[in-house]
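Dropping the structures in below, format is structure tokens.
Paired with chain B in one complex and with chain C in the other, chain A is shared by the two complexes that follow.
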Partner chain A sequence: MILNKRARVNKICVQIILLATSFLMIFPLLWMFLGAFKNNNEVIQMPPTLLPSSVNFDNFKTISELFPIGRFLFNSVFVAVIATLLQVLFCAMAAYAFAKIKFKGREIVFTIFLVTMMIPSQLTMITLYRIFVGLGISNSYLGLILPGTYNALGIFLMRQHMSTLSDSFIEAALVDGSTQFRIFWRIILPLCKPALATVGILGFMSAWNTFLWPLIIISDTNLSTLPLGLSKIQGRWTTEWNLLMAGDVISTIPILIVYLFTQKYFIKSLAHSGVKG
Partner chain B sequence: MVGERKFKKYLVVVIFLFPSLVGLIVFNIIPIIQSAIMSFTEWDLLTKPKFIGLENYINICSDENSIKGLTNTLKYVVGYVPVIIVLGLIFAVFLDMKITGVKVYRSIIFIPVVISWVVVSLIWLWLYSPDSGLINYFISILGFEGPAWLQNEHTAMPAIIIASLWKDMGYVTIILLSGLQNIDDEFYESANIDGANSLQKLFYITIPTLSPIIFFLLVTLLISSFQIFDQVFIMTRGGPFGSTRTLVQEIYENAFQMSKVGFACAQAWVLVVIILTVTITQNILQKRWVNYDSK
Partner chain C sequence: MAKKILVIVLCGILVISSFVGCGNTKNTSDESTVQSSTQSSAAAASETKAVAPVELSFLENSANGGQEETLKTMIADFNTKNPNIKIKYEIVAYKDYYTKLNTLLSAGKAAPDIFEVGYENFGQYAAKGMIKDLTALAASDKNINTKNMKKLAYDAFKYDGKQYGMCTDYTGVVMFYNKDLFDSKSVAYPTASWTWKDELEAAQKLTDTAKGIWGTVAPLQTYEFYKTIAQNGGSFWSADGKNVTINNKESVEALQWMLDKSNKYKVQPSFTSDIYTQPDADVKAFIDGKIAMFRTGNWQFGNFEKNVKFKWDIALEPGNTSKGHHFFANGLVVSKDAKNGDAAWVFLKYMSTDVFATNQRIEKGWNVPVLNNEEIMSVYYKKTPPESKKVVTDILDSLVLPPLGAVPDKWSEVSKIVGDELDKAKFGKATAQEALDAAKIKLEELIK
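Now for the complex of A and B:
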């Protein structure tokens, strides 16, 4: 009885802590949404008001007069989607070769892939920028997309998954005269959906949020992705919080929608990468 | 016949590996080799690189900005990594309990993880603002006067750490939670029979069982926090008085704004050596505390 009562009190304490923490997690975002609709006096007035005095899209209009914010949005979506699709395909292809085809030097090549996972991108970015300038793809979509198509961790995660699939039906399909490409596309990929989702979600998140690489490779405002565009907006309006929050809202809504509809996979993907890694 | 089949097999392998091999070589191996070579040169992009031996590395040791960048980065790492693992552990335990609405709490705590650092930095920049920010407003309600968080050299780094904890806590929590959910309930039941209290259960069952995941988090969080850049660049640009300048910001500015490319490459190699040393040390130390066979 006493134990039961103590457990109940504990549960109530935890409930209160979780409620308070959730509030702390949500409130800054709520504050951002409300701020995006306030005018430039309301965002600096003390004491602050919770709700904007009128709901209008003036802040969004002001931004779009000086910055192609719609273009930023398009660039971000375009780059993230293409880079993610290519990354998932390329990782799956490599993982298939490493998991299901026996060839000489397989382990050595795979180890080289794994070792590069430890090299931080800050080491490679300086000379990679020079290479891209040399290839004529700095300041272009290609320059934004290409580095995102390669991911050693993705290859590793997918190989783990593919290794658990039985070899017997691959052998049977080969005997039937199927090519490796057909087996990969028709049999293996459909069986790897959870791993594809994991790599896809991780890839999309990093492509959507990446800031340093676009900052280096893109000088044309029209090619900016949202994070880079936002930093340019910040350069123009340092403390006009209403305008900065409007920019924030445009950058946040797409990823928030993706998250709300796929949160199960989001959380599973990250948990998966943690446990397997 | 056999030769032809072998050739065909290798052709298939090459085709499957081709895109990733190109990525490996062009985005990793070539830049790594080039930056190693460039770190021994003086290079401003316009003229030809001039070989100067170890001079860049010697200069780093006495260069005030490099040392400041390194100590600030270390301050961030020390202030961030242990705290976030403890916070993550606490909330993972809470979110593993049978509590009404626990699924909603789980998805809420994770929301900041998906939002980009630039967005988060701008929100916190406003929250920290000394004259229009909410944080100092709440402090003033309590009857105190808050500091000028990001404009004060003593509070700027702690402020950045707090914002980072807010953004990343959900990630650490969810990963630890997935580990907790794999622990067999029998362990706890037999501990209950033996009369163990909650703290004993935490230190003798939960943490040892989770140790491989805690180890994974330690390794990855240390690597990523040594690379801190986005939040500092947006919130303070390294100020005030260089109190939040980090190593990666140093590398970025030297390479792309000051045209000291050779020097930036040497700084990047110093960062790599630090990261590798920390990672390898952890791998050696893990034998003492990471427990792989408790399942």
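Now for the complex of A and C:
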């Protein structure tokens, strides 16, 4: 009985700590959602008020008058989805080669791939930009998508996963006269679903949030992604914080939905890779 | 589950409403083009016959945050007047502007033909030879009358005696004041002859701690600082730019004065209070009638006109031994690889001096044009509030340019060094003397 009581007290303590922590995590998000419904004066009120005085969609209306939000949303979704699909495919193909096909210099090439993870993307930005200008694909969807289709971390994660699969699947298929691509497509890929989900989710998140690259490569408003388009809400001297928050809400909701549906995989993927975004 | 549905429905509404918005944007933009073509005057129309058809790219930031349509109207007007020159423009948010500009410039042929730079950044592009020397173009242009422009503004974009750009506009910092607060305490309004002492005396009468009303509010950062020390005869550098004078008696006194208003006289909120640390809290406090005298820029005119419920006006800033004001000047420059320098020059001239363009800047409350034309400027002055709008151009008589010294290409470093030391003084980590001594040592290292 006493033991039971102590366990209950422990449990309550843990619950309180967890609740407090989750409140800390959620508060900024909550603040943004509520701020999106306040007016320009209310949002910078000192001392701050939590709830908006009236619930209306004026801020959303204003920004959709100022910016082609629908177009931004489409661009963001289009670019993120295509880049993610390609990234998953390319990473899986490269990982298969690194894990299951023996060729000369494999380990060296793989190490070089891993080394690229250490180079911050800002460092390669100018070079990459010059290459893209040279190829004539700056200011285009292709220019937006292409850099997101490759990810050394993704290759690494996939390779680690594939290495755990038994070679006997492949040997059996080879004996039956299957091609390497068929083995990859029909046997290996279906066995890699958890790793595919991990790479896919991480890829989608980074494609959705990326700002610097679209800023550099895109000069046409009609090709702007949400983060780039919405950065223009903030002026040099004055910022309408209520509009800024409404814009942030718009760009947060899609990723929130993706998260709601892939929550299970997402948590697994974090445990799997130990990294976030 | 209910939550999920709610989120999805909300999102759906957003998407639909944004598509509706899309249509709206198109409508308004069409209108503005029509408007501009009917309004276009033939002032500089005959200019471009010599120029072959060309498309120029133009990168800028100052239309961001509300003046996008104004710029569009101006460019549409330019295109009707100069059918051979097509301007393809792009507006980037100020905070990301230089990141993008510098990347584009580093990639050579993708650089914009024409781009906007602030006066304080202009030097580094000129010093590195990234922009075109326009001296010859300006000299051979018979149509341009540089007397039409405020000399100071025109000369601001000279480097090593050569003309590298054209100043298009500026925004100035002045002293805003709440007339109702002055009236309620029977204090005389600020005048041009006011000194720091007058400001302090008035602020002491106006400060009302019980009601949370502050006599005066001035930010303390690099820009505000270089201007304030000039009001006391101080400066960052010696005249030839070879020595650092930032810790001279005049400058230390000026910094002490800026600190004392908060710490000693208590006529200004503490630098750790919300008014200074929260975004836009000072602006909000002025709107709420909690600040009697407030130093800020003319970019607040529109905001105050809309939201301020009491009578307000602007005045020149009080000086100590001399007057001093600062501004943020914008100009256009031409990239060294620009396709067609002549055409670019025509555009630069249009943006600075064209009557229609200038009127647009005034009418839409964008910024202050640099035209030296009383007729046009009187339109600007008449657009009230504030009543004393002419103050915005009067500041040019006592203007203090950003102290670029002998290192015009290193303004961002200078600005950061001084800013960091000022922060130490602001938050009580160093005295005024200590902070400026430290700044001197770092600045000396920088110019070595």
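In this text, the second predicted complex is superposed on the first by the 244 of 277 C-alpha atoms of A that agree within 3 Å, B and C clash if a C-alpha of one lies under 4 Å from a C-alpha of the other, contacts with A are read in each partner's own complex, and residues count from 1 in each chain.
Basically, contacts are C-beta pairs under 8 Å (C-beta built on N, C-alpha and C of every residue); 3 or more make two chains touch, one makes a residue touch a chain.
Just so we're clear, the structure is a prediction, and the values are computed from it rather than from any experiment.
A.B. asks: Let's test your reading of the overlay: on chain A, do chain B and chain C clash or fit side by side?
C.D. replies: Superposition check on chain A flags a clash between chain B and chain C.
A.B. asks: Mind working out whether A:61 is in touch with chain B, chain C, both or neither, as first, second, both or neither?
C.D. replies: Once the two structures are laid over each other on A, A:61 reaches chain C alone.
A.B. asks: Going by the contact rule set out at the top, does A:71 touch chain B (first), chain C (second), both, or neither?
C.D. replies: Touch status of A:71: second partner only.
A.B. asks: Considering only touches as defined above, state whether A:103 meets chain B (first), chain C (second), both or neither.
C.D. replies: first
A.B. asks: For A:198 in the superposed arrangement: first (chain B), second (chain C), both or neither?
C.D. replies: A:198: touches no partner chain.
A.B. asks: Tell me the contact category for A:84 with respect to chain B and chain C: first, second, both or neither.
C.D. replies: So A:84 meets neither chain B nor chain C here.
A.B. asks: Touch test for A:224: chain B only (first), chain C only (second), both, or neither?
C.D. replies: In the superposition, A:224 touches no partner, neither chain B nor chain C.
A.B. asks: Is A:44 touching the first partner chain B, the second partner chain C, both, or neither of them?
C.D. replies: Touch status of A:44: both partners.
A.B. asks: For A:239, select first, second, both or neither according to whether it touches chain B, chain C, the two together, or no partner.
C.D. replies: both
A.B. asks: Looking at the overlay, what does A:256 touch: chain B (first), chain C (second), both, or neither?
C.D. replies: After superposition on chain A, A:256 lies in contact with both partners, chain B and chain C.
A.B. asks: Could you tell me which of 19-27, 91-99, 127-135 or 199-207 in chain B overlaps chain C after superposing the two complexes on chain A?
C.D. replies: It is 127-135.
A.B. asks: Which chain A residues come up in both lists, the one for chain B and the one for chain C?
C.D. replies: Of chain A, residues 44-46, 125-126, 129-130, 212, 215-216, 231, 234, 239, 241, 256 contact chain B in one complex and chain C in the other.
A.B. asks: Note which residues of chain C are touching chain A in the complex, please.
C.D. replies: Its residues touching chain A are 4, 7-8, 10-11, 13-15, 17-22, 24-25, 28, 57, 61-62, 64-66, 68, 90-96, 99-100, 103-104, 106-110, 171, 274-275, 278-281, 283-285, 287, 297, 299-300, 303, 307.
A.B. asks: Given the complex with chain A, which residues does chain B contribute to the contact?
C.D. replies: Listed in rising order, the residues are 9-10, 12-13, 15-17, 19-21, 23-24, 26-32, 34-35, 38, 45, 91, 94-95, 97, 99-102, 104-119, 122-127, 129, 131-132, 134, 137, 166, 170-171, 174-175, 177-179, 182, 213, 216-217, 220, 223, 226-227, 229-230, 233-234, 248, 251-252, 255-256, 261, 264-265, 268-269, 271-272, 275-276, 279.
A.B. asks: Provide the residue numbers of chain A that touch chain B in the complex, in ascending order.
C.D. replies: Going through chain A, the ones touching chain B are 11, 14-15, 17-18, 21-22, 24-26, 28-29, 31-32, 35, 43-48, 86, 89-91, 93-94, 96-97, 101, 103, 109, 112-113, 116, 118-131, 146-147, 149-150, 152, 155, 180-181, 184, 205, 208-209, 211-212, 215-216, 226-227, 230-231, 234, 239, 241, 244-245, 247-248, 251-252, 255-256, 258-259, 263, 266-267, 270-272, 274-275, 277.
A.B. asks: Would you pull the chain A residues touching chain C in the complex into a rising list?
C.D. replies: Checking each residue of chain A against chain C gives 40-41, 44-46, 57, 60-61, 63-71, 73, 125-126, 129-130, 133, 138, 212, 215-216, 219-220, 231-239, 241, 250, 253-254, 256-257, 260.
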